[in-house]
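First chain written, first letter: the chains are A, B and C, and each begins at residue 1.
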Amino acid sequence: MNIEVQNILDFIAVAGVISFAISGALTAMDRKFDIFGVFIIAFATSVGGGTFRDIMIPHRDVFWLVDPIYAYVIMAGTVLTLIFRKRLCHLKKTLSLFDTIGLALYTIIGVQIGMQYDLPSVSIIAIGTITGSFGGVVRDILVNEVPLIFKKEIYATISIFGGSIYYGLIIFGFQGAWTELVSIAIIIILRLVVVKYELSFPNIYPEH
Amino acid sequence: MNIEVQNILDFIAVAGVISFAISGALTAMDRKFDIFGVFIIAFATSVGGGTFRDIMIPHRDVFWLVDPIYAYVIMAGTVLTLIFRKRLCHLKKTLSLFDTIGLALYTIIGVQIGMQYDLPSVSIIAIGTITGSFGGVVRDILVNEVPLIFKKEIYATISIFGGSIYYGLIIFGFQGAWTELVSIAIIIILRLVVVKYELSFPNIYPEH
Amino acid sequence: MNIEVQNILDFIAVAGVISFAISGALTAMDRKFDIFGVFIIAFATSVGGGTFRDIMIPHRDVFWLVDPIYAYVIMAGTVLTLIFRKRLCHLKKTLSLFDTIGLALYTIIGVQIGMQYDLPSVSIIAIGTITGSFGGVVRDILVNEVPLIFKKEIYATISIFGGSIYYGLIIFGFQGAWTELVSIAIIIILRLVVVKYELSFPNIYPEH
């Protein structure tokens, strides 16, 4: 891997951590958690997906345990969210935006890490989706709600779709930072379109 | 281990995955989740117990990450459940039956895997019970309910009992496919009897 | 490490297991779970934090899987709680006390284990906090409540504070059993004071 791509991946990982930290902090503030509860939810949302990915792969270090930068970035993201809370809080759209950015960034990182381990294709895509969406599931379980992922915004489906496109690009020999950036953009745009036009899968349940 | 037993174990593992996938899909359909939500719940229910078992044992691969057959079987099970949904959905009994079959199959697989790792007896039985019942716990947490395991149908107790019988048979030198099949049958029959006659542990809470 | 300190650490680990087992059993009894449900919740509360710690550290055995003493201690703690249930049940104070003792003991054990792995300081404190507080989070998720940790009793904050003091003492060269005992006492006293005087973080949400 050349240096440019590694730099892009490092940047993506840190940007994903911040996005999910903000998304977690906003959720906790919406529930009126105290300052510390806000930080814990931000932390769990932020590292949840990557932690689950890392403990499923034998011999792999949990990313935030061996590199303290992530903990500091999450602290900074939480403090920023608290400072700007009057402008951000209760804004469901802001939460959804940061959640979407985190989903896109983490999906690509997850696929990228999955590819290093000689796994079947379906497992590589699954690792991308778990990395991208599990943090949000943890957040929703911790505040005792049915996870957002199961509501009708086709959340994880977009992660699977975007992860597959990225994996396909790599398999077909494309390389360079733009493969990551294009895949991330596809996930973000798709999700924004789905949310804006309230698209959902066809209802499979007959009316009564 | 002779070839016959290994074949039986492989068959049991795949049958357990299908049973839990159907049980998860039925639960999600009962909550009116969209198609993709149904698949995710089916997947989590199906691999939950075995994934937890595999990440607790150092150096052990997570079974569905290294062998893509499981993901395909779960997809097939979900599609079948969706196709036959008009005949199956809302049928609490059907859910309970597949949940029971999955519990029995996964308990035996769990004990069998636990025995490969030179662990204390109590841990081998615990791994069987976790493998058998954790998928259902994950399913219930994801749809935000108190896990079925804690309701009065003596769910995990039967897993512990059946796992202990299987472990005992092996310890006392029995072998061959029938040891697995008898233990599985005992778990399924016991649970069906408990559900049919609504047996429960004696109430330990005095009336007020 | 000298023998005296190892003995103290073994004693702390077992005492922590009993405390969390009682705390889990009391919670389950408050929800009228049957005898077996009480044992499962006691078990999950008791081993939850340490299990999560052990699966996050590559190559590390899960403590209760390789040493059966913990399972037996949890069974004993559950039976004792059931026997004395008329004196203990519904007593929120008793639950809170055992939860506090478990938090203190497990935080110190967690920091102590984290230090064996050449991790950044922030990760060592995080492992202490996860070991101390995750069992209670598991307990609350299993009974389908917003985890106690997020309510206003500054729970995890005290774990972070106490863990940092213990880590600081070790870093500055202090040793001997009293470093553990003083740190544990600080956590317990701080939490009792917080609960008694109903201290909380300042409210960050403006009134409407």
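Everything that follows uses one rule, which is that a residue touches a chain if its C-beta (ideal position, glycine included) is under 8 Å from a C-beta of that chain, and two chains touch if they have at least 3 such contacts.
Keep in mind it's a predicted model, so treat the numbers as computed, not measured.
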item	value
Superposing rotation of chain B relative to chain C, computed on C-alpha atoms, to nearest 5°	120
Interface residue overlap between copies chain A and chain C, same or different (over half shared)	different
Where chain A and chain C are represented by their mean Cα positions, the distance between them in whole Å	30
For chain A, residues that touch 2 or more chains besides their own	55, 58-59, 141, 144
Residue numbers on chain A that touch chain C, as the complex places them	28-29, 31-37, 40-41, 51, 54-55, 58-62, 64-68, 71-72, 82, 85-86, 141-144
In the complex with chain B, residue positions of chain A that touch it	55-59, 119-123, 126-127, 137, 141, 144-147, 149-150, 152, 154, 156-157, 200-206
